[in-house]
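Across the two complexes that follow, chain A remains constant while its partner is chain B and subsequently chain C.
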Partner chain A sequence: MKSKQQRQLFYLVPYGAWLLLFVIAPLVLLLFQSLTNANGGLTLHNYAVYFGSGTYLRMTFNSVWFAFLITLITLVISYPMAYLLNQLKQKQFWLLLVILPTWINLLLKTYAFIGLLSKTGTVNNFMSFFGIAPQQLLFSDWSFLLVAAYIEIPFMILPIFNSLAEIDPKLEQASRDLGANKWQTLRRVILPLSMPGVKAGIQAVFIPSLSLFMITRLIGGNRVITLGTAIEEHFLVTQNWQLGSTIGVILIVAMVVTMILTRDRVKKNTRK
Partner chain B sequence: MKKLLTSVVAILAVVAVLFTAQRYLAAKTGSGEGGSKVLNLYNWGDYIDPALLKKFTKETGYKVSYETFDSNEAMFTKVKQGGTSYDLAVPSEYMIEKMKAANLLLPLDHQKLTGLKNYDSRFLNQSFDRHNKYSVPYFWGTLGIIYNDKYLKASDVQHWDDLWSSKFKNQVMLIDSARDVLGFTLITQGKSVNDKSTADLAAAQGKLTTLMPNVKAIIADEIKMYMAQDEASIAVTYSGEASEAMANNKHLHYVVPSEGSNLWFDNIVMPKTAKHTAAAYAFLNFISEPKNAAQNAEYIGYATPNKKALALLPKSIREDKQFYPDAKTVSHLQVYSDLGQKWTEKYNDAFLEFKMTQR
Partner chain C sequence: MAEQTPIIEFKSVSLAYGDTEILKGIDLSLEQGKFYTLLGPSGSGKTTILNLISGQLAATSGDILFENKRINDVPVEKRTVNTVFQDYALFPNMNVFENVAFGPSIKKMSKNDIERQVHDMLKLVKLDQYADRDISELSGGQRQRVAIARALANDPKVLLLDEPLSALDYKLRKDMQYELREIQQRLGITFVFVTHDQEEALAMSDWIFVMNDGVIQQNGTPEDIYDEPINHFVADFIGESNIVDGIMKTDYVVHFVGKDFENVDAGMRPNERVEVVLRPEDLDLTTIENGKLIVTIDDQSFRGDYYEITAIDDDGNEWQVQATNSAQVGERVGLTFDPEDIHIMRFNESEDDFDARLESYEDDDEE
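== the complex of A and B ==
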C-alpha cells in the first residue's frame, strides 16, 4: 500500500515540477514585478498609474470590446457550422478541413490576408470586375475583426462539435417521438446539452483575443489598440517592465473572471 | 500502457537522432562558439554582404559566426546577460550611449585600427561617442518621406509640414516609433529632437493629434512592402527602408526635408563579452577597407560613412541626393541622444495617447 502511494508521488514529481517552473513561478514573478518600482522597492504606484490613466482604461475597454465582438462573430458562425458538420456522413473529414488552417503559421495567414485585402489585392481586383473602384479595406476595424475571427474560428468549432457529437442521437429521436418539433428539439434538447462545448469555445476564443497584438499592427495598422500593444511597448521599447507586468496581471484577472463566468455549474449539470 | 511506453521510446529516439544531426551540422558549418579562429559577430538581419564574410575568412582565416537581432533593446538585453561571447555588435547611436553608461563596451585601441582615416570626418567624433573611443561607423541614414509620383507631385512633399495638408486625408503611413514621429513634429516647431521640456512635448503631441485624419496606419517594417504595392501614396520611414521599397517600385521617391531630420548611425562596437579581440580588430580593419566598404554599401543600399569607399561607388549612387543629401541638409540633421528612462517613457506615453486618438 505504502509503495503504491510512493509510486504515485513519484509520478507527480514531473507534473509538479512543470507546474512550479512554468506556471506558478512566472505568475509570482509577474505579480512581484508589478508591485515593485525601478529600484526594486515595493509599491502600488504601477496600479495607480494604470487606473489613474484614461489612456489605459480606454485601451482596456477597447480590448474587452473587440474580444467580445470576435467571440460573438465566431460563435454565430461556429454553432450552425458545427451542427451541420455533425449531420454529415464523413464528418471527421470535414472537421479536418476546418482544422487544417491551424497547421499554418499565424503570421503567414496574416500576410495572406494582406495580399487579399490590399488596394491592389485579390478582393479589389475582383470588385473592379464589376466596376467598383478600389476600396480601402486594410487598416479598419472590420478587416481586423474579419482576420481575428478567421484565426479563432477553429478553436470555437472544435469544442462545440465535440459536445454535439457526444449527444446521444436517441435523445433527439425521443424528443421527436414525444411531439416536439424540430425547433423545440433544438432549443430544449440540443442547445442545453451542448452548452459545455459553447462555454469551452468562448473561453478558448475570448481569452486569447484579449491580448491579440500582431494583427492589430499588421491588419489594423495600429488603428485598433489593445492591451497587447501596450505590453509589447513596455517590455521592448520603454523597458518599463514593472508597468508591463501590471497590465499583464490585469489581463490575467480579466481571464480568471471569464473563466468563472463561463465555468460549468456542477449542480445544474448533475441533475438528471 | 505498453503502447504508451513504445511511443515514448519512439519519441525519445527521434529526439536523439535529431539532436545528433543538429550537432553534426553545426560542427560542419562551424557555427557556435568554440575554437580560437572564430569571430562572433552580432548584427541586424541581412546587414552585410555574405560574400564579404567569405572573403574575410579566406583572407584572415577567422571563421565568422553571424548572429542577428531585430531591435537595439533586444541586443542590449542579450549582451548585458553575457551568455554568448559576442566579439562585435552593431548598435544604433543612442544605444551606444546607453551601453557606454552601463559599462558594456570595451574602448578601441586606435593603434590597431588602420582604416579610421578612410572615414568622412563629418561622421566621426559624434556626440554619442567622442573621438570614436568605442565605435567605428558602419552605415548612416536619415528619416524622411517616401512618396509615390503616380498620386502626387514632388513639390507637394518637400517639408514635414506638408504632411498636415488636407490633400492627404487618410493617406499617410507613419513609422511605429515614438521618437521618430514626435521627433519630426518637434522639428516643425523649431525644437530639438532631444527636447526635454514638458511644455514642448505637450505642444508637439497637440500638433500631432491634428495629423490623425491624414494617418492611414502606424506600422513598422511593413511600410516598404505597402509602399511598393501602392497601398498608400506617402509614408514616413528610414532611408534604408525607403531604398528597399524603391528597388521594387519605380514610382517611389525619397525626400529628406531640408529644415532638418534625424541622422542615425549604426556603428560597430566591441562589447564587454568579446573574447577574440584579435579577430575583432582584423574585422574592423577589413570592413574599413574602401573596396570592401563599397561592396557592402552597394549590397545593403544604405549610405556609407567611408569617404574613400564612396568614391568607388558608381556615380548614380554617389550623386543620389535622396540618400547622400547635400551639405546644407546634412548640417540640419540631428542625432538622437539617449533620453534616459524617464523621458523615454514620456515620449512613448505621448505617442501611445496619439495612437489612441479617434479619427
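== the complex of A and C ==
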C-alpha cells in the first residue's frame, strides 16, 4: 500500500512542478506586486486608484459588457450550428471544418479582417457596386464584435457539439413517442441535457473575451478599451507594473466569479 | 371467435435500405385487447415492425392501418401508441414524477389531472413511493417500471414493448412477465411485445408471430406454435426439438430412422419427403424390448426437475430426451413415444396451405 502511494506521489511531481511554476508562483507575484508601490513598499494605493477612478471602472464595465455581447452572439450562432452538425452523416468531418480556423495564428486572422474591412478592402469594393462605398467599417464596435465572435465561435461550438453528441438518440425517440413534436423535444429534452456543454462554451468564450486586447487595437482601433488593453498599456507603455498587476488581479477575480456562476449544478437542481 | 375490427393491420408492408430488405411483404392483423408477441432472432425484423407501428420508421411500400385508417404518413407524436424502450430511455434530467408526467404535460392536461394520472400510473407499477426519486437512484427493475408507467400515462390504445425485460436478471424477469400480463389484462389494451426469448413469448402471449429474415414464419397461439411448428426454423427456435428426415409413406404412416411409425398427420403426397419433429419431453426412456428406437446414452445433465439426456441411435442421429429418471452414460436403452407426439413438417409449406391441409383431414375424421 505504502509503495503504491509513493508511486502515485511520484507521478504527481511533474504536475505539481508545473502548477507551482506557472500557476501559483505567477499568481502570488501578481498579487504581491499589486500591493506594492514603485519603491517596493506595501500599500493599498493601487486598489484605491482603481476603485477611485471612473475611467477604470468604466473600462471594467466595458470589458464585461463586450465579453457578454461576444458570448451571446457566439452562443446564438453556435447552438443551432452544433445542433445541425450533429444531424449530419459525416459530422466529424464538418466539425473539423469548423475547428480548422483555430489552427491559424490569431494575428494572421485579424490582419485578414483588416484586409476585408478597410476602406479599400473587399467589402467596400463590393459595396461600391451599389454606390454605398466607402464606409468606415474598421475601428467600430461592430467590427470588433464581428471579428471577436468569429474568432471565438469554434470554442463555443465544440463543447456544445460534444454534449449534444452524448445524448442518447433513444431519448429523442422517446420524447416524440410520448407526443412531443420536434420543437417541444428540443426545449424539454435536448436543451436541458446539453446545458453542461453550453456552460463550458460560455466559460471558454467569456473568460478569454474579458482580456482581449489585440483585436481591440487592430480592429477596434482602441475605441473599445477593455481590461486587456489597460493591462497592456500599463506594462508596456506607462511601465506602471503595480497598477497593471492590480487590474490583472481584478480580471482573475472576474474569471473566478464566471466559473462559479457557470459551474455544473446538476446535483443541486435535481435535489430540490 | 367473434369477428372484431382489427386495431392495427399491415398490408404487404415492406421496408428496404437500398438493396437490403429488412421486411418482406408483411401481412398482419392485431385485435383490441390482446397480448401479441413478435418473436425471432436479432435481425429478423421484429423491432422494425414495432418502429413502423410507432412511426419511428416509414415503410418502403404497403399500407399500415390503425382502426381502419391508413397511418403511413401520420407523424410519431400524433399516433395513439406508446413504446417501452429496450434500455428504458428515461429522461435523466427529470425525476420519476417528471418522467411519467412528460406525456400528459405535453397534452396540456391540467396540473391536478397530471398529478392524478401520474399517481395512478405509479401505483399500477407499484412505485407510488418513488415519485421524487432521481432516475440515477433507481435499480434496473425500478427503471423498467417507470418506463412502463411513462408509456401508459398517455392512455395509449396500443402499448409497444421492445425487449423490455432483456436487461433484468432471471428472477426479476419472471416476476415482470407475470406483472406485465396482469397489467395488460387489467387495462384491456393491446400489447405488442418484442422478444428473442421463446420461453417469455410462450408464457405471456395470446398470439405469437415467429419471425425470421424479415418474414413472418408462423403465427398462432403459443400451443399451436409449440405443438405444430410449420418448418425447421420454427421447430428449432421454439423449444428444444429433435428433427430428422423422413418419408410420409401414406396418410398416418411415416418412415424414419429405418422404420415405419403410426402417426396422426395426413393430406400429403404418397412417399413425400418430410421432416419429423419429436419434442424431448415427449420421449421416454424404456427397456430395449419396449423401445421404438434403440439408442446409446451419450451425455446426461441434471436440470432440477428433470434430467437432460443426449442419446445417439445406430444411424448416428442425436436425440435430446427430458427424463424424470437418470440413466447411465454408455447404457443402451429404448426410447418410446405416442403416435400423436410425432409432428410432420413439409418442405416449403406456407401457413395457409398448412391450415387448409389440417382442416381437410380433421374434417374427414369427424365425418
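Annotations for the structure displayed:
The working rule: the second predicted complex is superposed on the first by the 266 of 272 C-alpha atoms of A that agree within 3 Å, B and C clash if a C-alpha of one lies under 4 Å from a C-alpha of the other, contacts with A are read in each partner's own complex, and residues count from 1 in each chain.
We take it that a residue touches a chain if its C-beta (ideal position, glycine included) is under 8 Å from a C-beta of that chain, and two chains touch if they have at least 3 such contacts.
Please read all numbers here as calculations on a predicted model, not as lab measurements.
Partners chain B and chain C, brought together by superposition on chain A, fit side by side with no clash.
After overlaying the two complexes on the shared chain, residue contacts for A:Leu178 are found with chain C alone; chain B is out of touch. Between the C-alpha centres of chain B and chain C, as viewed from that of chain A after superposition on chain A, lies an angle of 150 degrees, to the nearest 10. In the overlay built on the shared chain, the residue A:Arg188 is in contact with chain C alone; chain B does not reach it.
Applying the stated contact rule after C-alpha superposition, one finds that A:Thr102 touches neither chain B nor chain C.
By the touch criterion defined above, A:Thr36 reaches neither chain B nor chain C. Legend: residue contacts after superposition of the two complexes on their common chain; A:Thr55 is shown touching chain B, with no touch to chain C. In the superposition on chain A, A:Thr262 makes contact with neither chain B nor chain C. In the superposed pair of complexes, A:Lys170 makes contact with chain C only, with no contact to chain B. Annotation for chain A, partner touching more residues between chain B and chain C: B.
Per the superposed model, the minimal spacing between any CA atom of chain B and any CA atom of chain C is 32 Å. Comparing which residues of chain A touch chain B with which touch chain C, the overlap is empty.
Those residues of chain A that touch chain C in the shared complex are 168, 170-171, 173-181, 184, 188-189, 192-193, 270-271. Of all residues in chain C, those touching chain A in their complex are 54, 56, 75-77, 82-83, 85, 87, 89-93, 95, 102-103, 106-107, 134, 150-151, 154. Remark: chain B residues 71, 73-74, 170, 173, 176, 178, 216-220, 222, 225-226, 229-231, 341, 344-345, 348-349, 352-353, 355-356, 359 touch chain A in the complex.
Contacts from chain A toward chain B in the complex involve residues 38, 55, 58-59, 114, 118-120, 136, 138-139, 217-218, 221-223, 225, 229-230, 233, 236-240.
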